[in-house]
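Next, two complexes with chain A in common: one pairs it with chain B, the other with chain C.
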Partner chain A sequence: MKLRLLLTAVTVGAAAFVLSGCGTEAHRIDTSSNQGLTTVDDINFKDWQIAGEKCVKTMLDSGVLKRKDDRKTVIMISTVKNSTNEHVNTRLLTDRIRLAILRSGQAVTTTAVSGSGPEDNASRQVRELSNDKMFNKSTVVKQGTAIAPDVSLAGEIVQQKTKSGRSYESYFFIHMTLTDLKTGLAVWEDNVEIAKQAKKPWFGW
Partner chain B sequence: MFLRYMKIFPPLALLVGVIIFSSGCSTVIDAHQQKSSTTNEFYDNKFDAAARSFGSKADSRSGTGDELMWLLEQGTAEFDAGHSKQSLKAFDRAVYLVNEYDSRATVNVRKIGAEAGSVVTNMNALPYSGSILDRQMLYAYRAFDYLGMEDLSGALVEIRRMRQAHKDSKKVYEEKLDKARSDIETARRQNSKDAAKLQNQQGTDLTFEELLENAKVKSAYQSASTNSNKLYAKLTNPFIAYLSAVGYFLEGNWGEAMVDLRELYRMEPDSPLVQRNYVTTATAIGGSVPMKLTEVRPYRFPLDRKVIYVIFMNGRGPSYKQVKFSLVLPWVSYIGFAFPSGIYSKPRWDNLQLQFKQHGGMNGVKTTRIADVNAVFAQEYHENLPYMITRIAVSTLTKALANAVAVEAARRKGVGYEIAAYFATGFYAYLFNTADTRCWEMLPAEVQAAQLAIPEDRGLSLSSSDFRGVGKLFLRKNGKVIKSAKRLNIKLKNDTNVAFIFARGVPAGVNIQVFEIK
Partner chain C sequence: MKMISLAGICLAAGIALCGCQNTVNTVENKNKEMQPQEVISKKVSTDSFLRDRLKIVRIDKKVNEAGLMKVQVTAVNVRTGFFHELWSSLSGGKPYKLLYKFTWLDKDGMAVPTPSANWLPMSVIPGDDVYFQAVAPNANCKDFKLSLREYDKD
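== the complex of A and B ==
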C-alpha cells in the first residue's frame, strides 16, 4: 500500500516537474551568435544579418561605388518592396547596408530623398525658413546646395510557402539592385536566398 | 434507496460542467441562438453595440473551442463600425488560433480530449477551426483593416496571405473530410460492438441515403443545392479572386491579375465589372479575349493610380439554424438528432450608385455583383452535409446504444435502478442534442463592386435604393457616424492616389467608409 502511494506521488511529482519546468526566464542573447529563434514563416534577425553582410560584401567588392573624381558616391535608399506573406520592416536590411557602406568610406547616403519621401524632412524645412522673419536670412541654408544622389539602392523580397505532409517550408528570395540614376542602368545586383523548413510534431500537447 | 441514487448526481453535474466550460456553451445552447440578439443589433445598424457585445463574448470565451467564432464576429463588427485597429486586434488573435490549430501535433492531447468530449456530448465540443470560407475571408477583412489605417503595403501582405489560404483550402478541406470519414468508421465499429449486446439490432446503423429520406434532412440538402451556384467550383470564392486581382493591379502585375480574372470570369461570366476587367487586362498584356467579350470596352483609366475601388458588402450573410428530428428505432423508442441547416437571406439594397462630374457633364456607375456569398456558403455546406449528417447520426447512435446498454444493465439490478438510468440517460440525451451551428454570421449575403477614375473635382455623390425607395446612407469615420443623408456627397483629398469606398448594407441603410491612400 505504501509502495503504491509512493509510486503515485513520484509519478505526479515528475509530471508536475515536467509541466512546470518548461519555461525559461528572459535573458539577453549575443546578436552575433546563433542563439536567436528560428521560425519558418518569418525573416529572423540572423537572416537579415546574413542577407545584409552578403549584399554589402559583393557591392563593395564590385568596385561600383568608387568614382574617378575625389567625390564620394551619394546613395539614395529607394524602396525594398515587400512581396512576402509577412509584415516585415525592410529597414532591418537597408539600414544595415547603408551603415556598412558608410563605414567603408566608399560612399555616403542621402536622407533628403528616399523611395517613400525624404527620410529626414529637415533639409527641405530649413530652406523654407528664409521666409520666416524670426530667422537671420544669412544663416538660412540656401537653395541649390543639397547634393543629388548618384545611385539608388532598391530591391524586393519574395516568399514562397510549401507544405507536404507534416513538413512545411518557406523560401525567401531577396533581390537587391544599385541603379546609376544618370543612365538608369543597374550597376550592381545580388540576391540572397533563405530557405527554412520544419516538421509538425507527430505527438504533443 | 433514493439517497443512494442521489449520490451519482454531484459527480455527474461536475462532469457536465467541465465539458461545457472547456468546449464553450455551444455544446448545450446552439451558437446561432447565442448570437441572435447581438446579430439583430448589428443588422439594426448598431455596429458599436454589436462590436462591444461580440468583444465581451470573445473575452469570456477565451481559451474555449468557440473563441475563434466570436473573434470573427467581433472583428467584422469593429471594422464596419469604423474601428480598424480594434478589428485587426481581434483578427490577429483569430489568425493566431487558426495557425495554432493547424500546427498542432498530428496526435495531441487537446485533440484527444476534445474528441472524447464530442463522443459524450456533440460536435460543438470540437474546437471551431473555421470553414474554408472563413479562412479566406479572414485575410480579406484584415486587408480592409490595413486600408482603414491607410497602409496599402500592409493590405497587400494580407491579400497575399488570402491567396495562400485559398491555395491551402484544398488540403484543409481534404483533411477535414478524411477526419469525418475516419470518425464515422470508428463510431460504426463501436456501434456494432454495443449493438451485439442488445437483443434487437435493427436500425443500429444509418447511412446518408437512409437519413436523406427524412423530410428535414432532404429539405436542408435541397435548399443548399438551390442556393449554390453551379458555376462556382468546389472551394472557390469569386470575391477572393476579385480582391486578388485588385492586389495585382495595384502592384502593376497584370499577368497574375489575368490568372485571377480568368477564374473570376468562369464563375461570374455575366458581371459587366468582371467582363471589363478581363478585357482591360487581356488588352494590357496582349492576351486573347473570348468571342463573347469582343464588344466589351476596356477601362480608359489606369487601375493602379488615381482610381477608386468600391466594395459593397450587401445584406445579411448566410448562417446555420438548428434543426431537430427524431427517428423511432426498434431497440429504443425515440432517438433525437440535431443538425445545422443553412439560412439564406436576400439583400435589401439593389446596388450603390455613384455620380460624379466628367467632361463637363454628370456621369454615374453602379456596383454590380461579383460574388454570391450565400452560394459559396451553400456550396461548402452541400459538399459537407453527407459526411456531417452521417457523422452526427452514427455518433448519436453511439450514445443511444451506450444508454440502452446502461438501462438494460440497470433493469437487471432492479426497478429503482432502471428508473434512475432512464432519467439520467434521458436528461443527458436531451441536454446534449445540440447542433453545431457555429459559423461567421457577420459576412454579407453578396459582394458588389465598382471601379472608377478619381473625378476631376474629386467629388462623388452616393445613393442606394430598393423597390421601396431610396435608402439612408451613413458616412462613418474613426468609429463615428459623421454624416447621414439619402444622397451622400463626399470629396476626396487632393493627394489621394487610390481610394477604397467600403459600403455595408443592412436593412436600416448603407454605411460608408472612405479610405484614401496617397
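== the complex of A and C ==
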C-alpha cells in the first residue's frame, strides 16, 4: 500500500515537473516580425499593421492630401466607431495613419480638435492666460491664430462572428473615410477586411 | 506482385493528394493598352526554395500625382505540374504563404524609416500572379528594396 502511494506521488511529481517545463519564459518579440499571437476574437497587432499599411498606401496613392496651393492639408482625427463586441483602442490604427501622413510631408494633424474633444487642450488653455496677471500679455498666444482642419479622418470597425461545428471565425470589417470639411464629401475611402478562423479541440478549451 | 501493388497505392495516393491542390487558370487581353515603366532589377536570393517557387516576372514604377514613387513587383507562383503539386500537398504549401517587406531609400542610399516597415503576409495560389505594391512614404524616396521570405512564426 505504501509502495503504491509512493509510486503515485513519484508519478504525479514527474508529470508536474514535465508539464512545468512546457512553458516559456517571458521574452520580447520583434514587432515588425510575424511572432505575435493570433487570436480569433481580437484584432492583434499584426492585423493593425496590415490595416494601417493598406490605408496609408491607398491614401498616399490617391493624391487627395496634395493641395494646389503650397499649404499642407490639416487633418482632424475624428471618431472611429467600435461596433465590435471587443474592447478595441482605435488609436492603434489612427496613430499609424497620422504618423505616415505627417512623414509624407503632405499634411499635418491638428491636436486642438478631434472627434472626442481636443487631443491636447493646451491650445485653448494658453489663450486663457491673457486673463491671468501672472503672464505678460504680449507673450500670450492671441485668439484667432489656430488653423482649422481641412479634412477629417473617421471610420468604423464592425465584427461578425460565425460558428459551424467546432470551427469558429471572426470577420472584422474596417471602413475608413477622409471627409472634406468644406463640402462634406468623402474624398478618400478604404476598407480593410480581416478574417480569422480556428477549430476547438475535442477535449478542453 | 507486392511491389506492383505498393507502387500502385503510392501512385493513387499521389494523385489523390494532388487533387487537393488547387491551381489557377487565367485569361487576359492579348493586345495591351498599358505602357508601364519597367525597372531593371537586381536580385539577391538566399532562399533557393522560395526563388524556385516564386518567380519575379517584372518590376514597374510610376510617380503619382502627389510626387510619390509607386512600385509594383509582379511575381508568379511557378510550382505547378504533377510533382510540384504533390510536393506542395505534402509540405502544406497550398496556397503558398509568404511574408514581404518594402524598404525605401533616399537619394543618398539611406533607409527611410517608415511606420509601416513590417513583414506583411501574402498568399499565392500555384499558377497565379501576385502583385506587391507600395507607395513611397515621402517624395525623398528614390529607390526601394523588396524582401521576401517564406511564412513562418519568426
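The rule is simple: the second predicted complex is superposed on the first by the 184 of 205 C-alpha atoms of A that agree within 3 Å, B and C clash if a C-alpha of one lies under 4 Å from a C-alpha of the other, contacts with A are read in each partner's own complex, and residues count from 1 in each chain.
Following the convention adopted for this analysis, a residue touches a chain if its C-beta (ideal position, glycine included) is under 8 Å from a C-beta of that chain, and two chains touch if they have at least 3 such contacts.
These numbers were taken from a predicted model, which means no experiment stands behind them.
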Assess the superposed three-chain arrangement around chain A: do chain B and chain C clash, or do they fit?
fit
May I ask you to decide whether A:Asn85 touches chain B, chain C, both, or neither, giving the answer as first, second, both or neither?
first
Determine, under the contact definition given at the top, whether A:Gly63 touches first (chain B), second (chain C), both, or neither.
second
Between chain B and chain C, whom does A:Arg166 touch in the aligned arrangement: first, second, both, or neither?
first
Chosen between chain B and chain C, the partner touching more chain A residues is C
Looking at the overlay, what does A:Gln125 touch: chain B (first), chain C (second), both, or neither?
neither
Based on the superposed arrangement, let me know which partner A:Gly52 touches: chain B (first), chain C (second), both, or neither?
second
Check whether A:Ser33 is in contact with chain B, with chain C, with both or with neither, and answer first, second, both or neither.
second
Tell me which partner A:Ser104 touches in the superposition: chain B (first), chain C (second), both or neither.
second
Could you tell me how near the closest CA atoms of chain B and chain C get once both structures are overlaid on the shared chain, in Å?
23
Jot down the residues of chain A that show up as touching in both complexes, chain B in one and chain C in the other.
none
Chain A-facing residues of chain C, complex
64-68, 70, 99, 101, 114-121, 133-139, 151-154
In the complex, the residues of chain B that touch chain A are 103-110, 153-154, 156-157, 160-161, 164, 168, 171, 251
Residues of chain A defined as touching chain C within the complex
31-35, 46, 49-50, 52-53, 56-57, 60-61, 63, 65-66, 96, 99-100, 103-106
Can you list the residues on chain A that touch chain B in the complex?
82-87, 159, 161, 163, 166, 200-205
